[in-house]
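Going in written order, the chains are labelled A, B and C, and every chain counts its residues from 1.
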Amino acid sequence: MCRTPPYKPPWWLPGALSVLAVVALVGLPLLALVNEASNIELLDTISDPYHQRVINFSLYQAVLSTLFSVVLATPLAVALSREPRFKGRDLLINLFSLSLVIPTIVAIVGIVSVFGQAGLVNHWLQTLGLPSFSIYGLHGILLAHVFFNTPLAARVLLQSLENIPQEQWRLAAQLGLPSNSRWRFIEWPAIRPQLVGIAILIFALCFTSFTIVMTLGGGPRATTIEVAIYQALRFDFDINTAVALALIQLALCSLIMIATHSFGMQTSQGLSEIKLNPSTHYSSSHCLNGLIIGIAALFLITPLASLVVKAFNPATLTVIAHSKTLSALTNSVVVALTAGALAVSMGIGLQLSARHLRLRLNKRSSGKAIQLAGNIILVIPPVVLGTGLFILLRPFADVFALALALVIAINSLMALPFVLRILEGPVLQAAQRHDRLIQSLGIHGLPRWRLLDWPHLKKPIGYSMAIASTLAAGDLSAIALFGSERITTLPLLLYQRMGSYRHYEALTTAVLLLLLCLALFFVLQRVIGGKPDA
Amino acid sequence: MLELKALRFSYGEDDYQFDLSIDAHSTTAIMGKSGSGKSTLLNLIAGFLKPSSGNIQWQKSSLLTLPAQRRPITTLFQQHNLFPHLTIHQNLALGINPSLKLSKEQEQQLTNSLDAVGMTGMDGQSAHTLSGGEQQRVALARCLLRQKPILLMDEPFSALDEATRESMQALTRETIKNNKLCAIIVTHSHNDAVALDASTCTLVDGRLSSLI
Amino acid sequence: MIINRHVKKSPKLSRSFSVLIALGVTLLVGNSAAAAQDKTLTVYTYESFTSEWGPGPIVKKAFEAQCDCTLQFVPLDSSAGILSRVQLEGKNTKADIVLGLDTNLMAVAEDTGLLAKSNVDTSAVKLPIEWTSDVFVPFDYGYFAFVYDTEAITSPPSSLDELVNAPDDLKIIIQDPRTSTPGLGLLLWVKSVYGDKAADVWKKLQPKILTVTKGWSEAYFSLFLNGEAPMVLSYSTSPGYHMAIDKTDRYQAAAFSEGHYLQVEIAALLESSSNKTLGREFLQFILSKEFQTALPLTNVMYPSTDIGNDLPAEFNKLIQPKSVLLLDSAEIRDNRKEWLSEWLDVSSQ
């Protein structure tokens, strides 16, 4: 009956490995940047009038994007909350969080196909004899930012509107409050505390937005710091400027991140499951609400619909069968799965050790600190991280040959905060209920994981793997820095096809990428997480 | 006289039918387990839910065609009776005029109602600074201000601690008596019914079974 | 201030860093670099050179017939990008040859120290300027010019000045001087005509610029030929292609009285190349008749040697610049950053 006890890895091992990986992938490039900074004229770069304009433009477009998004999201959220029951309401609200699954560049292709030179909108403007609308430049950047962030804001605001107790609506009905009084006394007070937080979050997202500015801006008149770093590196081979701008960006992002945190917002906010709890409002001005919801739905759905419809053209098969497309597709799958697996492994490692610290050692703050290590990446935009990696590795290797490895590393880090957020609750819950029992039975190590943690965690792990892989599959920023004709991924290929105005090829590539992301998102959840609960 | 005649409400699997008549100046307590349809009954009377058939009459005229705000009804909920970010004065004024513009006379009524619930001079305070009992007092004051003959109460005391509950019960009983209201209270506590001198009926399986 | 403090620590930091990283990279890359030692000559060039209708396929076939090797063209997305790419890759670059830089970038490129002497006999070279470089081999040349669509414009501007002062509804498409050699060419054209007043001229041009593209082919093929704008920055030779192949006079170059700026396109061997002999063989091949005669109708430029009657007759109908403008490449090297910032500054307003 003598058995050797199963190997018991120390509790700190998974966390330590993950922290080590994060520190190596973030710390070393940052050190390289700072190290390089000693050789550059930081002040010269800042005082250069063009760079000042770039910094100003980054702030300016982010402020405008935030303003528009929040101002438009407010009536949308109110209209949705006032119309608690209509067909397709849940679907529409779910669509609001779809920007997580749909790669930015895919949506942009859709937006261009509707609002671009040859799109529907300009066609109408032309028939009406109005001047055409240019999607390139500030207009387009704002439009795309509004497209992505209005739904995000509307979701958060709708949540707080739906948290208003039912009694208040009944009271309002009994008191006969008209629509404007309801807004003034009930809805506005519920929304107001959220506004600053959501505004800062959107500001942060728009300030560091890369893909949208790359594709719709990028000319000297519409360049943000993020894109200017890329251009300095890839256009001019101007390491000094790239490093100087990266440091500026790092400083500004840290400030923004501190602000975001002080208002309790997170970039991964879009993930928080929205608990729909619509209240009956006993009001009757359905027309206006319907109009607002209709316009919003149209604005969100048309670009995607147009994309899908136009993707099927005589060139479709040729484009898909093209060797470049196929190799990009293969690379994208590799990047998505590897980056996803890496992110999830790091995430599990961090959470398991954090749990041990919290539950067994009763050190809440150290547990939090471990998780913070994974969230540190939120301060560092991918292009800055990429620049650091670039400078770090260039003396030793052909960076372009390492493209895939670098893209995987950067994307796994970018996805880590999302993974941590998804896993935090379940990992803790998996233990809280039975930890004493588990301790008294002496179950630990792999058996504990296999018998007790895994069954409880496979769904959230499947979900986080799906999210991480989908994000990685759609990312342009890392591959833009390291990609070349030798190694491309679908987003880069799509960007190049857009850049050379090959519309039909771009449309088909976009739909291919969209399908890949949807497949990753649903298949990974199913394969890892098992059948959905009935 | 408030009369519910074969008032039916179906929602999903639930099917309720109510027959009831209550004197204009009386207090009735409706008892029953949770899910028995107590709140549904109040919501039907107040106009928050639409019945599938039957009728509700007050002094021989039907209420069904009237929207909630035009019915001769005021409601005291278990909680969330006040808008937390508004002052007590604003919360009360809303009971008179949604635009908060009050005449001198109405201002006086407002002050009187606060006096009546023992909250004299607190009208400048923000509602969210009040204790649960104080909030219910202000809510009751607003019910008075609205001068509606029917007062519906949905578990109005169950969120209060014992001492507060007793004084609130006494205040409510006096208020109903002094204003000659037709009061209906939904509760799961026998103590509430006794404290309000209410006649009691019980809801079982969506049917009002007995008048004790 | 903080940054200065790091200066003192850096040597130590860098060294331990280096060991670590070198170790990691060796593991990652393995011996793949060493394995690629067969006889393949890798040439970085711009995209249109390698396209089906470009000179690439013809050159590849002709050179491979004589060298017993594989000639691999790697198309990069822009011409000036060829230089930044080999700079980014440094000594680890896979390229043996860069083909497609121009006279304007000569000094900049030489300064990187990445290029080797060509050892090519350039006596056959026949250009509007004398050729003295022992590093670069010129393969073709042309003059920058604005090409216009005669169906959209009947009387094109007859000078740079007229273009600058034209009404703002005349739309032009230009290329980014940071990424494209024609873009840089226009920058220098304006500089050589207007000198210190260049910034003001760019300010006046701004409203007329429909868009600034990354490379020449997007501007010319995707936008101009699709009718997005009536005028595009290209070459005086571009109409030669339309006349010879498309048999149409529709697209013409506008002759400017100030003269036209010259571009000589060049190739060079990389110092890091492990195929230097083969590389030099290719550089010499550039001046051969086979290579040179392919250029006029594929790369649509003048060949850099005299090919006599092999020059298509249509090329004699092209505009001839009154004077040839060219700035000294060392002067460009010393001022390029400043001029680029000046352009960026004006263009971003």
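Criterion: contacts are C-beta pairs under 8 Å (C-beta built on N, C-alpha and C of every residue); 3 or more make two chains touch, one makes a residue touch a chain.
As the structure is a computational prediction, the values presented were derived from the model and not from experiment.
Note on connectivity: the fewest steps through touching chains from subunit B to subunit C is 2. Across the two candidate interfaces, A-C and A-B, the one carrying more C-beta contacts is A-C. With centres taken as mean C-alpha coordinates, the chain found closest to the middle of all protein C-alpha atoms is A.
Rounded to a whole number, the gap between the C-alpha centres of subunit B and subunit C is 84 angstrom.
For this pair, subunit A with subunit C, the centres built from the Cα atoms lie 38 Å apart. Taking the mean of the C-alpha atoms as each chain's centre, subunit A and subunit B sit 48 Å apart.
Interface of subunit C with subunit A (complex): residues 3-4, 6-7, 10, 13-14, 17-18, 21-22, 25, 28-29, 32-33, 74-77, 80-81, 83-85, 87-90, 92-94, 176, 178-179, 211-212, 214, 217-218, 222-223, 226, 228, 340-341, 343-345, 347-349.
Remark: subunit B residues 43, 46-48, 67-71, 73-75, 77-81, 83-86, 90, 94-95, 98-99, 146 touch subunit A in the complex. By the touch rule above, subunit A contacts subunit B in their complex via residues 165-168, 170-171, 173-178, 181, 185-186, 189, 280, 282. Listing the residues of subunit A that touch subunit C in their complex gives 28, 31-32, 34-35, 37-38, 42, 48-50, 53-54, 57, 117, 136, 219-221, 223, 231, 233-237, 392-402, 405, 484-486, 496, 499-502.
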